[in-house]
Structure formats: C-alpha cells, structure tokens
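Below are structures written as structure tokens.
Look for chain A in each of the two complexes below; its partner is chain B in the first and chain C in the second.
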Partner chain A sequence: MRDLQDRLGYLVLAATALAYFAVYTTSLGRPPGSFDYLAILNTTMPLVLVALGQSLVVLTGGIDLSVGGVVSLCVAITAATGGAPGWIVAVVLLGALCGLVNGLVVAYGRIAPILTTLATLSVYTGAALWVLPVPGGSIVPEVRAVLSNPNVPTGLGWLALAVAGWWVLRRTRFGLRVYAVGSDETAARAVGVPVERVKATVYALSGLCSAAAAVFYVATTTAGDANAGAPFILTSIASVVVGGVAFTGGRGSAMGAVAGAVALTLVIDVLFFAGIDPLYQSLFQGLFLVVAVLLGTGAALLARRRAA
Partner chain B sequence: MNLPRLGMLIVLVLATACGTAAEPPASAPAGAGGKLKIALSNSFIGNQWRVEMENVFKAACAMPPYKDQVECSVFNAGNDVSTQSRQISNLISQGVDGIVINAASTSGLNGVVQQACDRGITVVSFDNTVDHPCGITVNTDQVKFGQQLAQFIVDELGGSGNVVMVTGVAGTGADNDRNKGAKEVFAANPGIKVVAEYSGMWDSATAQRVTAAQLPSLPDVDGVWVSGGTDGVIKAFADAKREMPVFGGEAENGFRKYMAGTLTPQVKGMSIGQPPYLSVVALELARAVIKKEREKGNLTIPFPVVTGSALTPGETVFPDLPDSFFADFTDSGPNAILVLCQQAATDGTPCPGATLSVKLGTP
Partner chain C sequence: MNRRVAYAVAVAAVVLILGAVLSPGFASWPGLRAVLIVASFTGFVAAGQMLVVLVGGIDLSIPWVLNAAAIVLTTTGLGLADRLPLALALAVGAGLLAGLVNGLGVAWLGVPAVVMTLGMNGVLQGLTLGVSQGLTCGDCGHYAPQPLRDLFAGTVPAALLVWLGAALFVTVLLTLTTFGRRVYATGANPRAAYLSGVGVKGVTVALYTLSGGFAALAGIMLVGYGGQASLGLGDPYLFESIAAVVVGGVSILGGRGDYLGVVAGSLTLVAVTTVLRAQQVPEYGRLMIYGLVILAILFAYGRERAHD
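Coming up: the complex of A and B.
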C-alpha cells in the first residue's frame, strides 16, 4: 500500500491517458495523431518543469509560491530580448538567483516558506510587469525549432534530459540529503547534514526549473505576457499532489510530479472530447484533484494501519 | 516501481506509432454539404460580461440565419493559457471550419493559432485579441474609449477641475490603451489636475472598496474617469455623502440607472461599453470569411455610447436587471450593428420570431 502512494502519479497518468485515448477515438472515430501528441508535449513542457522544481521544494517540507513570479519575470525577459542564446543563459541564471533569494530567506532568515515565497511572488511579478508592461515580444525561430518544434518532437529530448537530471540527482549525496531534511530536519542536522545549504539549493533549483519553463513557454507561444506565470502556482502544486509527493516532506518523487503534470493536462483533453458542458469543466477538474488526493491519503492511511 | 513506468513508456511509444498514421485533415472542407462548424474558445467565464458575451453567442447560434448554417460549440479555459491552447489544438483535431477566440493572453496563443491557420481554419479573435497576423481581429478602439470619456469630462468641466482615474487590470492591453487615451486628453488640458489614480480591477465591488478608502484623503473631485466598475465608484461617493462629480464610465446597468435617475442621486455622465455582442460580430465575420462572402481583414466597430439623461428602458437601461449587468449587450439607434432581446443576454435563448442581421459595414 505504501507502494500505491509512491506510484500514485503513474497510476493517475495511466488512467487519464487511457481515458484520453478512449474519448478521443470515440469522439472523432480515429486515434490521436502525431499532431495531438506534439501539441500535448509542447504545451505540457513548461508545467512539467515547474512541477519538477516544486516537487524538490515540497520534498524538503517547504512550498514555493514564487514559481508564478519567476516564470512571469523570465517569460518577460525572454520575450523582450527575443530569446537569443546568450539571453537564455542569463534568464536561467536569473531564475536560479531568484530561487536562491527565497532559499536564503527561508533557510537562514527562518521565515516560513509560504510567507517568504508569497512576498517574493509579488516582487518578481512586479518586476515582470516592469520589463514587459504590455504582452508581446518575440522568440528567435531557431530557438523555437530546437525547444518546441511544432513538427518534430524535440521536446521529448528535453523531457528525457529533465528525467535524467532527476535520476542522477536522486542518487547523489545531495539527493539523499533532500529526503533527509524533509523526513526529519532535527535528525538530519544531528547526523551532520548542512540543512541550510540543502534548503537554499532546492529553492535555487526550483527557480532554475521555473526559468527553463519560461523559456519553453515563450518558445511554444512565440511571445510573452507578464502575467504568464500566475496559473503555474496552483497547477504545479496540484501536479505535486497528484504525483503523490507528501506535503510533510521526505516522501515521493519528482517523477511522480512530472506524471501528475502530464495527467493534469490530459484531463483538459478528456473533458473536451467527453463533451462536458464548459460551465462544469472546472468542477470536474476539481473533482479529479479531490479524487487523486483522496487516493493518496487513503493509500497512506492503509499503509499506516498495516504497519501498526 | 518499474512496472507502471514501463506501462507509461509503452503507451507513449504506441501512441507515437499510431500517431504518424493519422493526421488531422490538412484543410477543413468548408461547409461541404452540411453546416459550418464554428467554435467559441473563451478564456474564462468568471464575470458578468463574459456570461453575457457567451449567452448572446449561444442565442445568435439558435436564431436564423445561423440556426441553419452553423453548428456552434463553446469552450471555457479558466483563464489559463495552456488550457486554452489545448482546447484550440483539440478543435483543430476535430476539423472545425472556424474558431472564435477571446484569449487568455494576447500573445500566448500565437503558436497554436499559427497551427490552425496552417490547416486552413479561419480564426477570429475579439475583445482580448490574439496578435498573430494570420488571425482576424474584431474589436473596438480602446485608446478611443479612454479619449472619448476623458474629453466628455473635460468638456463638462469647462477645461478645469480635479479628476480621479479608476483604472482596470494592470498588464492587459485594454487597460493600457484606455489609460493612455485618457492621459493624452487630460495632459492636453492644463486646467485638469489628475488628483488620484488607482485600480478598480474592472470590478464594481473592488472599485467601491478602493474608492471608499481613497475618498477621505482626496480634495474636491469634479470628474471621475472609470475604466470599469462605475456603479461601485458612484456608490462610494454617495456613501461618503460627497457631491456627485461628472462620471465617464463603462456600460454597467447600475451606472445607467444612476444616469436615468432610477437610482438616486442622479448623476451626469457618459457611458461607453465594450459590447458583449462582439462575440456575435466575430461569429458573423468568421461565417462570412469561410463562405467567401468577405475578404479576410480586421474589423474595428464603434462603441455603443449613451449620454445625457434620456435613456430608453429596455434598450439602453434595464430597470429589472441587476446593477452589475452590462446594458450594452445590444446596440441601439438607427445605425445599430445588431439588435438583441433581453433573454438572449440573460439566458442565452433566442429572441422569439426574430431573424438576426449583423451589419459588419464595408471592409
């Protein structure tokens, strides 16, 4: 049963993928085509990246609300500068820096993550509006072709890179320390884990992921909007929840959050092809979340009872 | 741990494999034998304006001539760009002939709109338009909205006095343009002093709350320019027992009730609205372009303007509808672009016995 909680993200993803396949095929009389898969891949990539960063923070028992602000700011800069490779590097570094600020305040200032990141969310969103007061901007066509090509699944390569990054990270000493801090901070400190440094780093990584997501966002949409990041706050947290990462920290996997992010995107398509009245679509999206969370909690409860 | 992951991989591989076989139709067969398929993709449905906008769209689809020519569908995206983008991708897969869009972001849908255009789908955006050049836009001139209301205030005040500006949601194109237009006019009249500028978030309740908070610190106010939430601002002035300034504001039914004197104190004002029937104009434009009755080209329609105290109940003011209702869901006057009945806006039901005629004007 403990396994079920770990695999929640994959199970939910498999279920939604099957449902998507079924409703699409019954609705249109043919299975989804390469156009559909590519469109899903390209529109999901930003959320996948933000969810990945968010899950790292949640694994240490924190939360990062500022992802919305970092995405907005980085979208604004990328779009305003046209996304030349030099600027992309600068944007990614800036994202990491924004995250690091969060991490330093949380770790050394000992201010609750929810307060810290709520404050920086406002700051970063404000900066985004300052950079790009009106939606617009552009992206170098070559960057678009490499990141989110509408005809070739280049996104798969980047997705694989992100998965590989997590796979390696989890096996490093730092990866172990993330889990240690999330499971029991005091115990981790007692065995010599540099808790502050670990925390500062996960927030910086979350900022980095948000910045990368922003670059993907601009590449997919070909322009920027200073309010682009706002939806990612809730959807990234929802992905983490659906992915079976425990909010108490120390349990779950970033891959679960990635699966959760893809599942959340597929739910939109399932509702679309199932012909649900648009007025009730958000109701069903919410129900989906509730069911996923209940599944996770139920699995955790069962596991505890069995252990007792 | 490995089994579900393996399953995921298999699903993915299978999916991509079948994928290459089935492509969406390269170009939609324009009304071959049947009705045209036109979908409305709306970014969100969280306010009165959007509800009316969707209702008049549904009503129009159920009225002749659209009833027999067009098969309509409506989708909402919860103001999330990626959701709206997914919905439009799915519409492309469905092979619709036209997509009418009120966008969650001016720029965020460019990628998917390009894909729709590549497949021969006619894309018409309105209100919050999409700035990709391959789509057609239908809108009003928001800079003019700001100018026209500001000019009215300047004229009423004889060129001098204290003015308050209540703006909309920052970071949106419409808010930016409206403010720009207003500031141009106020700056050109040195006698006018803008004593305060704050955001009412295009929402009557917010505008009322913020205005109530600002009023004690403000000197005498002679004119108020409101981008949205006008009835809320008037209520705040009335509650504070302040003398009623001249109002230039949106087309809220509540504002018009104050103008008509149905609500007291009566105020002097000009009411200009972003008309909810933009969705119907966009529908007509999409239909005409798909049927090749009209060249592709952007369209700017004039604002419905109401000023003075001679308002017509049932046409420009609706005494039995709530204050928050936008009274400009139908055009009025001899040059009306279209005329709709009350139930079209409240329930989305067709006006009995009426044939809808939308005058797009010459391109």
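Coming up: the complex of A and C.
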C-alpha cells in the first residue's frame, strides 16, 4: 500500500485515460483514433518536458518557478530565428545556462529556491519580451516534421528518449545523489555528497528541459509568444504533484511527473468531450489536483494504520 | 526591531530617494500619493501572504480569491450605493471562506500548502469564469458603487487610511496578543509549539482564513480604484505578494518578520516600477531590472545560514 503514493502518477493517468476513452466513445460514437492520440502526444510534449525538469528540482527539495521565463525566452528565440538546427542547439544551451544561473544562486548564494527562481523568472520573461516584442515568428517546416509531425508520431521517439534519459540518470551516481540531497541534505553532506554541485546540476537540467519544451511548443503551434511560458509554472508544479513526487524532496520519480503531465492534459479533453463549459475548466483541474493528492495521502495513512 | 526589517526600511528609503533624484515630481505629494495607493494593493495581499509565510506556509490562491471577491462585489453591488454593505459582506465572506477551506485542507487533511492553495486558485478561477460567463452576461459589467470610488479621492485618500488600519490590525495581532506569540512559536518550530500547548492546527486555519480575507480586501480596493472588475485582475499579485514579503525581511522558512518590513517591501517594489516607468524604460527592461533588484536584495539580506 505504501507504494501507492509512488505509483500515484500512473494510477491517476490510467484512471484519466479510461475516463477519456469512455467519454470520447459515448460522445462521438466511436473510439478515439490515431489522429486523436497524435494530437494528444503533440500538445502534451512541452508540458511533459517541463514537468520532467521540474521533478528533478523538486526531488532535491527545491522548486523552479523560472521555468515559465526560460520557456518564454526559448520560445521567443526559436520563433524569431525560425528554428534552424543551429539555433535550436543554441537555444537548448541557453536554457541550460539560465538554469545553471538559478542553480549557482541557490547552491552557492544560499537563497531559497522559490525566491531565486521568482527573481530570475522576471529577468528571463523580460529577456523574452526583448527578443520577441509582439507574438509571431515561424518554424522551419523540416524541424516541425522531425519534432511534432502532425501525421507521424515522431513525438513518441523524443518521449522515449526523455524516458530513457531518466532511466539512465537514475541509475548513475548523480541520480542517487539527487535522492540523497532531497531526503536529508545534512546526512548527504556528511557522507561526502557534493550537495552544491548536485543542486546546480538539477537546475541546469531543468533549464535544459524547459528549452527543449520551448522548441516543441513552437514546432506544434508554429509561432511564438513571449508570454508562452507563464502557464507552465503552475501546470508543471501540478504535474509533479499529481505524479506523486513529494514536495519535501527525495520521494517520487520523474516518470510519475511525466504521467502526471499527460493526465493533466487528458483531463482537459475529458471535460471537452463531456460537454462541460470550457470556462469551468480550471475548476475541475483544481479539484483534480487536490483530490489526487488526497488519495495519495489517504492511501499512505491507511497503510500506516494497517502496519501499526 | 528585527535586523532584516531595518534593512527593508532602509532599502525602501533609498529607492524613494533615488526616485526623487531621478524624476522630478516623484518627490511631490501627488507623485508619492500615486505610489502609496498602488503600493497599498500589494500591501493588502502581502499582509495575508506574510501571515501564512510566518508559519512556513504559502498562499498561491491569492490571484483568484482576489478576482472572485472583486466579481462578487460588482455583481451583487450592481453599482448602487445602498447595496454596498451587502456586496462588501459577500465579497469579504467569499474571501474568508476560501481561506478557511485552504486552512482546513492544509492543517487537517495534511495537503501540502502549495497543492491546496494552487488547487483552490484553479477552483475559484473556474467558478468565477463559469458563473460570470466570462463577464459577457448582461448584468456583469457593473461599475463600482460611488462610495467605494470616493475612497480614492482627495489629497489624503481614505484608501490609505484603510491600509493604515490594516497595518495596525496585523501589527497589534502579531505583537500584542497571545495569538501573535503562538504564530511566531508555530513558525519557529511547530513541534515545539504543539508540545507546549499551542493549537498549531487552529492557528494555521486562522492564518489562511485571514489571508483569504486580505486578498478579498485587495480585490475590493482594486474595484474601487479601477471603477470596475476585470478578469485576470489578480494575476500580477501572486508573485508580487511573495516578493513583497521577502523584500520586507520576512523569512520564507517562517517564524521571523513583521508587517512594518512588508509595508517597506511593498513600497520598494512599487517605487522601482514607478521610477522605471517615469524613466520610460520599456517593459522588457522593467521586468529584467525588477528581477535583478529582487535578486540583489536577496543577496543583501535574504540568504540562509551556511552549512558547516
């Protein structure tokens, strides 16, 4: 029963997927087809990537509010330059650099993560506005064909790459250290974990993920907006929470957060096909968030009672 | 007085003097009056945010509690002076109720504060948009009742007296009452506070309820100031409230800080933006400088203790 909290993300995703299937089939009279799955994949990819990065930070007991700013900045640059491959590499590196700045301030400046990233959120959002004052821009069709092709599920390959990256990372010394820092920083320090370096790295990785998300975002929407990143702040946190990653750090997995991100995107489709006024959308998303977490803590409580 | 609070007051003074030097008219009463009025809105939301931060919590539901209260006020007040008391009671009541639910979720159900208040923000956003039909319905577009708008008239607008009253209320509550001692005790060490007989849960619920009330108050004042309620009215105040609290010298970990510092923090933030506007710095520059100023202030007195 104790694993239930760890598997929360998958359970919520399974339940949401089931609801999606049922609601879609009853409202349209046929089960969702490959087109629908592809649309879900392409619209959910940016959030999946941001949530992945956010979960790494949360695993060390931190939080990254600047993901909104990094996504905005990288969306702005990608769209303004048309997203030629050289620029995409530059954008991804820039994202990692933005994240690294957060990490250095948090780790060596000893400023609380929520405050550091709140300040840099403003700086990065400003930079995005400077690059792209009015919404617009474009993306090279070849890049779109490789990243979020509307006809072929190319996104699956990238999703698999992200998942594989996490699987490898988790089994490395670095992955172990991320959990060590998150569970007990003092103890980790005592056994010689370079806590500062680990923290700096997770923020850099979060920045990198946000940059990749931005490239996907532009590839899917084929245009950019300097405020594109703002919604990702709260939705990435929600994904991490629904995915069963503990805010105290050290518990959960990035895969849970990925499942949480997909579930959060699916909920919107469920509401749509259930014929609920889109104006009420965030009401159900908010309830979904709290109920998912309550289920997790309820299960943990039940397990403790049974063990006692 | 706490050392950090002294710094916060000093920073506010420096920023105001800098503003007076840089832009003529800033030092005059009309200029200062404008800054004070805008700062009062930040001051109201930051009062609530400070109360929950003092016990190590956070309130992310401020934007839509504020917005919901503003909409409740205009739709029940219908712009009529004799309906104002009822409208005010309903608006404040809605805020207190939202805060109460937050507090119960955090204290009794054990939902992490970030999740509970984020969920509440979504719930209220959905409810506000859904019930008001996106402000497109016939009887939504009402103006603020005249007495409310008169709060902002005159050389010394009554709105500033309301802020003064709120400041006195919070300060007296925190420094001269048993409740205040309990708040600081809970924030410094909840376990020790519990063992010495503080009703930690009750204190927490009361603080979240008050935060909801203050967010509603900010919404009411914003309606009076702008003459109307709009959707997204509260969005800028989420991060602004956190920034004001921290720039005001309150420890994000809880247990330390007072409202005098937060008043100084609100003034600093608003003065920075006002000075930059007066200097005709474009929006991207304002955002970047705003973030850098917060970062600089954090480096000056917002750092955590070193680990040795």
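As a convention for this text, the second predicted complex is superposed on the first by the 298 of 308 C-alpha atoms of A that agree within 3 Å, B and C clash if a C-alpha of one lies under 4 Å from a C-alpha of the other, contacts with A are read in each partner's own complex, and residues count from 1 in each chain.
Following the convention adopted for this analysis, a contact is a pair of C-beta atoms (placed from the backbone, for glycine too) under 8 Å apart; a residue touches a chain by one contact, two chains touch by 3 or more.
Keep in mind that this is a model prediction, so the values were computed, not measured.
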item	value
Clash-or-fit label for the pair chain B, chain C on chain A	clash
Which superposed partner A:V270 touches (first chain B, second chain C, both, neither)	neither
Partner chain in contact with A:L121 - chain B first, chain C second, else both or neither	second
Touched partner set for A:S282, first chain B, second chain C, both or neither	both
Partner chain(s) touched by A:L129 [first = chain B, second = chain C, both, neither]	both
First (chain B), second (chain C), both or neither touched by A:V293	second
Partner chain in contact with A:A254 - chain B first, chain C second, else both or neither	neither
Touched partner set for A:L11, first chain B, second chain C, both or neither	first
Greater chain A contact set [chain C / chain B]	B
Where chain B runs into chain C (options 7-15, 43-51 or 259-267)	43-51
Chain B and chain C footprints on chain A, overlapping residues	129, 133, 279, 281-282, 285
Chain A partner contacts - residues on chain C that touch it in the complex	58, 60, 105, 109-112, 114-116, 118-127, 129-130, 133-134, 239, 242-243, 246, 252-253, 283-292, 294-295, 298-299, 302-307
Chain A to chain C touching residues, read off their complex	63, 65, 105, 109-112, 114-116, 118-130, 133, 185-186, 189, 195, 234, 237-238, 241, 247, 277, 279-287, 289-290, 293-294, 297
Touch list for chain A against partner chain B, complex	3, 6-7, 10-11, 13-14, 17-18, 21, 24, 27-28, 30-37, 39-40, 42-44, 46-47, 79, 129, 133-137, 148, 150, 153, 220-228, 231, 235, 255, 259, 265, 268-269, 272-273, 278-279, 281-282, 285
Chain B residues within the chain A interface of the complex	1, 4-5, 7-8, 11, 15-16, 18-24, 42, 45, 74-76, 78-83, 85-87, 89-90, 92-94, 105-112, 114-115, 131-132, 170-173, 176
